[in-house]
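Note that subunit A is present in both complexes that follow, paired respectively with subunit B and with subunit C.
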Partner chain A sequence: MFGEFEELGLIDRYESVIASVGYEHIEAHVLETCTGQWGNTMLDVLRSWMSDKVVPWMLSVVAEEARSMLQGVGSRFDFHINKTLCDLRTREIFDIIIDFPDSMGALNDLKDCLQRVDQRTALVTALRKANRKRLLHPGADTKLILSQYVATIKCLRIVDPPGVLLFKVADPIRRYLRDRPDTIRCIVANLVGDNSDGGDALVDENEPIVPLQQVMDSMDDYGDPNWEPEPVDAGPEFRTNKPSDVISTLVSIYDSKDLFVKELQVLLAQRLLAIKDGNFERVEKERRNIEILKIRFGEAALQVCEVMLKDMTDSKRIDGHVQSQKASNVHPTIISKHFWPALESSDMVMPGQFQELQDLYAQEFTIFKPDKKLKWLPHLGTVRLELQLDDRTVEADVLPLEAAFIELFSKKDEWTLEELIAGVGDIDRSAAFKALVTWVNMGVLKEDPENTFVLLERAEEDVSGKRSPEEWGVSAGTFWLPIDSSVLALIGGGVNVGPELPPVITAQQQQAEQMKVYWKVRPFIPSQPYPAPKLTIRQFIEGMLTNLGGLPLDRIQTMLKFAPGYDQSIEQLATFMEAARREGLVVVRDGMWRLNK
Partner chain B sequence: MKVIVKHWHAVAQWRWDIGTAEQEDADTDNEGDVCGICRVPYEGSCPSCKVPGDDCPLIWGECTHVFHMHCLLKWIGTAASKQQCPMDRRTWVTAERKVGSTTAAS
Partner chain C sequence: MEQLTSSLAPSRSAQKSSVTASSQQGAGSVAKRLSNELMTLMMSSSPGISAFPKNDGNLFEWVGTIEGPPETIYAGLSFKISILFPSNYPYVAPSIKFDTPCYHPNVDITGGVICLDILQDKWSAVYSVQTILLSLQSLLGEPNNASPLNPDAAALWNKPDAFKVQLLKHYRLL
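The block that comes next holds the complex of A and B.
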């Protein structure tokens, strides 16, 4: 039939129709065979399919004489395969990244296709859109976003080694992560190998540990003989991401690594304080961790962690000595105040025998170290108790507050909540309640009537007085008291802070605290002879911004230097201003800080 | 009921025994004093040390002023010091620490 067409000269006329039939066939075939098939490269399979199936079909269509022009058609079909596959993979890119490293084939395909087809912009747009829709929303776990980001980095490095695509895609993710409060926590938890929640480690075990590269100061090395111009589609802000390791990339989300060091300290403090005595291997494990991290962050940055570890060793030694002088059941961890993250303070006073134990130990300590004294942090730690009741003995590991309460009950069998709180000093009512519930759940106490607790010298069969933990809104077992809800919100997002971790103020809180001190408490007294009203630095900044309108950060810093007692670096100022922005006091536009009116 | 403490893993901070009257106040507002020379808290380490505590001890003067030992020795070592306490310009005399006396008194 085609022969006749040829004779009639129709082929030329309908060539485009025939070609479009071919295109459609190719598209259908590619979609059918390749959708969701990411394990192997499909491009070669498709090419051989074309030479086996499509080309013979074309040959049957096109007469002998027109063979020569087939060359052109053939390469057009090949291009079409590339394009169809590329479109398909672009649509699937988000899932391909999720599947990494099982989707290596698809990525290699994509790389080959992109060399023939100019679809890079489409890929970036598609991936950015998918990320926005599926990843960067409040429903996604920070840990998840991080691991997807890491996978994206790895994938796009395969597709596009110079990193232009990566830079364009990564930017929104990085910006989003920067706004998440628990990003640092997540990264740091990963650094110290805290994967108790079963998540994947972001860092490969076999990735060599290298010092952090500060991406910021990577100036172009003009003397580099292997220098290559930036790829054509690189934007003006593009910085060549030298193939740095994942951790460096993650850390570079933030402008300074100090934040990480601070968070690391908090995490280390939690872990060290949670260590039960006699488990010295865990201290050794932490020490190894810190040694590794030192390679990344540098020796000086982790000096504080070093002191914390030394405190652990010293405590053990001191305890050993004190025990040899006078055996005691108290085994304290003695910490150097300024080298640990701010611990929640408490006005709790341990009653009865606990007070005696503390005093005895402190005396013994002062004899050993004549120039030093101990200041107890009574709300931290754990106590193992044995309660000898009429019909049974109860042994339990409890928190100091819980221990304090039960100690009170050894004097009197019935206490009201108010009396109990008064008995242990000034503590939070809800915390007190939670501590008492622990004993109620153990069947040692009973609440009867409301807010009055009675000791059960004899176990009660009737458990109706025992409310389930859910009813109390308390998780079963021990409960950590002084963590306030904002901390819980901070740590809730993905990082496992189990109930065994003591309350340590997170770095964010510390920062806010610092800011308050700096903005509100520290007085700024203008050097005027008459008794001037005390101005705070905050008012100073406020006044500055009111008088002069918007100011860039370095101007504010320069002007603040005139204020007496001002010793903050510009980075610290930036943190403060950022915090002020979050509180809605100021706004920033184009690097100019203004009052929020 | 009898409560028996089997094991108590407690947490404490150590403090230098400055032996001054403000000691009690310092305890309550939990802001430690700073060394008059380097302005670092006594419980911190002097600028040339990295580890606080026994490795960077304090030195007590007869004039009741207390400094990091390293800070004071450095000061005394300079010619301008004339062996005087930097706070009150009296000749520096290192106090004999009467062990336990301050704790007993307080």
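The block that comes next holds the complex of A and C.
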């Protein structure tokens, strides 16, 4: 039939129609065969499909004489395959990255396609858009974002080795990660192989451990014989980052590695303090981790961690010595205050026999190390105790606060919440209540009436049953026997220890502490989600009012321009100050705001 | 000769303008340094010391507050000081004086002038408002009785009760 067409001269006329039929056919075929097929390279399959199917069909259309014309059509079709596939992969890129490394084929296809088709900008735009929509929002777990970021790095390295695409895509992710409060924590947790909460490690086990590379400094090495000019679409701020390892890249999200080292110390402190019963295998494990990290971060940066680990072994040694002098139920972990991150402090005082045990231990310790002084942190640690009640014996591993309360009940059987709190020093009411509820749940105490706790010398069968006073019995033979209490002690080096800072407070928690007051009033200032520079407003107002005395609102507003990034209106400031007044931080009289002293 | 002067003239004026430009730039960098110091001071929580610019628009004049360190004779009292930064700060020390009358061996009771080495010959550009305030706070508890500005106070230092009487006699809240 085509032959006749040719004779009629119709082919020339309908060539474009035939071509577009060809294009549509190719498109349909590519979409049908390649969508979601990322495992293998599809390009070769498509090419052979074209030479097997499309080309013979074309041959049937075009007569012998027009072969020469076919050349052009063929290469146009080949281009069209590339373009269709490239478009498809661009649309799928986000999921391809998720599937990495099972999507190697798709990535290689994409790489080949991009060399023929100029779609790099489209790819960047699509990926950035997908990231914004699917990744960089508060609903996504930081860990997830990190692993997707790492996958993105690996994928785009395949597609575009010089890293231009990566640079463009990574920038928003890095900026977003910098704003997330727990990014450092996640990275560090990964560094120490803390995969307790499941999930893949970001770092490839097989990846060799190398020192952190300074990604930032990109002085061109003029003697590099393999130097290549930067790709044409590289922006002015583009830095060729030589293929560096994942950790270096992650650490470079932040400007300095100090943050990581600090977080690492906090994490190590938490993990070391969580070790119970002198489980030295775990200490050894931590030590191994730190040794590995030393290779990355350098010996000097991890000096502090080294001291912390040494404290653990020293504690065991010292404890061994003290026990040999005078056996004690207390097994403290002795830490050097200056080298550990701030630990949570508490004004709790252990009552009764706990205090005696502590004092005895401290005496022995002073004999052993005359120049050091123990400062107990009784609220950390655990107490194993055995309660001997009239009709039963209760054995329990409890928190020190809980132990302290139950110790108080050995004096009398009925205490009000206030009396109990006064008995153990200054502690938070809700914490006290929580500790008491533990015993209530164990059936040792009972709250009756509200805020008064009584000891159940005999187990109560039916809680709702009658409660005659006799049932509680007289606390005849009740005494507490701590079998093994391990309490944390702190060496205060003989110096005035000052207001105790709580270590095992993460960097963010410390930050949160600083902005506590700010956050309380935060709901009244509904502007940006990340008010980083504004955290200092409270300090600025405080500094201002301390030094300048009372100030009218408009003066405060104008003076606040010393605070970088301050952009609140005077109305917003007024609500802020009003909230601060309600909290009792400031007072206002005759329009002059003052600190409430 | 004429040629010589004419070639000199523009270069001189150019030099002059570059000088003014650099001094302007200098003032800018001093202001930047001061606002950084303010930021640091606000962010740090050193108990008992604080300072803030006196007026908006002028970063070179600050008011400070120092609380007497606990367990010293000055405990519970707070002193206002004024801090005046020179335009070539931090290469030159700021001038600092007590506004609250302070009965102290190293402080002039009437003028509030302070005799402290780091504010005079020992000044270094690495010091900051915060270090100055901290030094002043510790000076309260540990005076240098060897070079007193107020000989009476230096003489009384070892008699805390009599010293306290004099201190409270002169002290008044601003």
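Following the convention adopted for this analysis, the second predicted complex is superposed on the first by the 467 of 597 C-alpha atoms of A that agree within 3 Å, B and C clash if a C-alpha of one lies under 4 Å from a C-alpha of the other, contacts with A are read in each partner's own complex, and residues count from 1 in each chain.
Everything that follows uses one rule, which is that a residue touches a chain if its C-beta (ideal position, glycine included) is under 8 Å from a C-beta of that chain, and two chains touch if they have at least 3 such contacts.
All of these numbers come straight from a predicted model, not from anything done at the bench.
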| item | value |
| --- | --- |
| Superposition-derived comparison: subunit B or subunit C, residues of subunit A touched | B |
| Which of subunit B and subunit C A:V55 touches, first, second, both or neither | neither |
| Touching partner for A:M544 - first (subunit B), second (subunit C), both, neither | second |
| Contacts of A:T333 with subunit B and subunit C, given as first, second, both or neither | first |
| Which superposed partner A:L387 touches (first subunit B, second subunit C, both, neither) | first |
| Which of subunit B and subunit C A:L357 touches, first, second, both or neither | first |
| Which of subunit B and subunit C A:L455 touches, first, second, both or neither | first |
| Overlapping contact positions on subunit A, where the subunit C interface meets the subunit B interface | none |
| Complex interface listing, subunit B residues touching subunit A | 1-17, 27, 30, 32, 41, 43-44, 50-54, 57-58, 97, 99-100, 103 |
| Touching residues (chain side subunit A, partner subunit C) in the complex | 514, 536, 539-540, 542-544, 546-548, 555, 558-559, 561-564 |
| Contacting residues of subunit A [partner subunit B, same complex] | 273, 276-277, 303, 306-307, 310, 314, 329-339, 343, 345, 353-354, 357-358, 361-362, 365-367, 369-378, 380-390, 395, 400, 403, 406-407, 409-410, 413, 455, 457, 502 |
| Touching residues on subunit C, where the partner in the complex is subunit A | 35, 38-39, 41-43, 45, 50-54, 56, 59, 62-65, 80 |
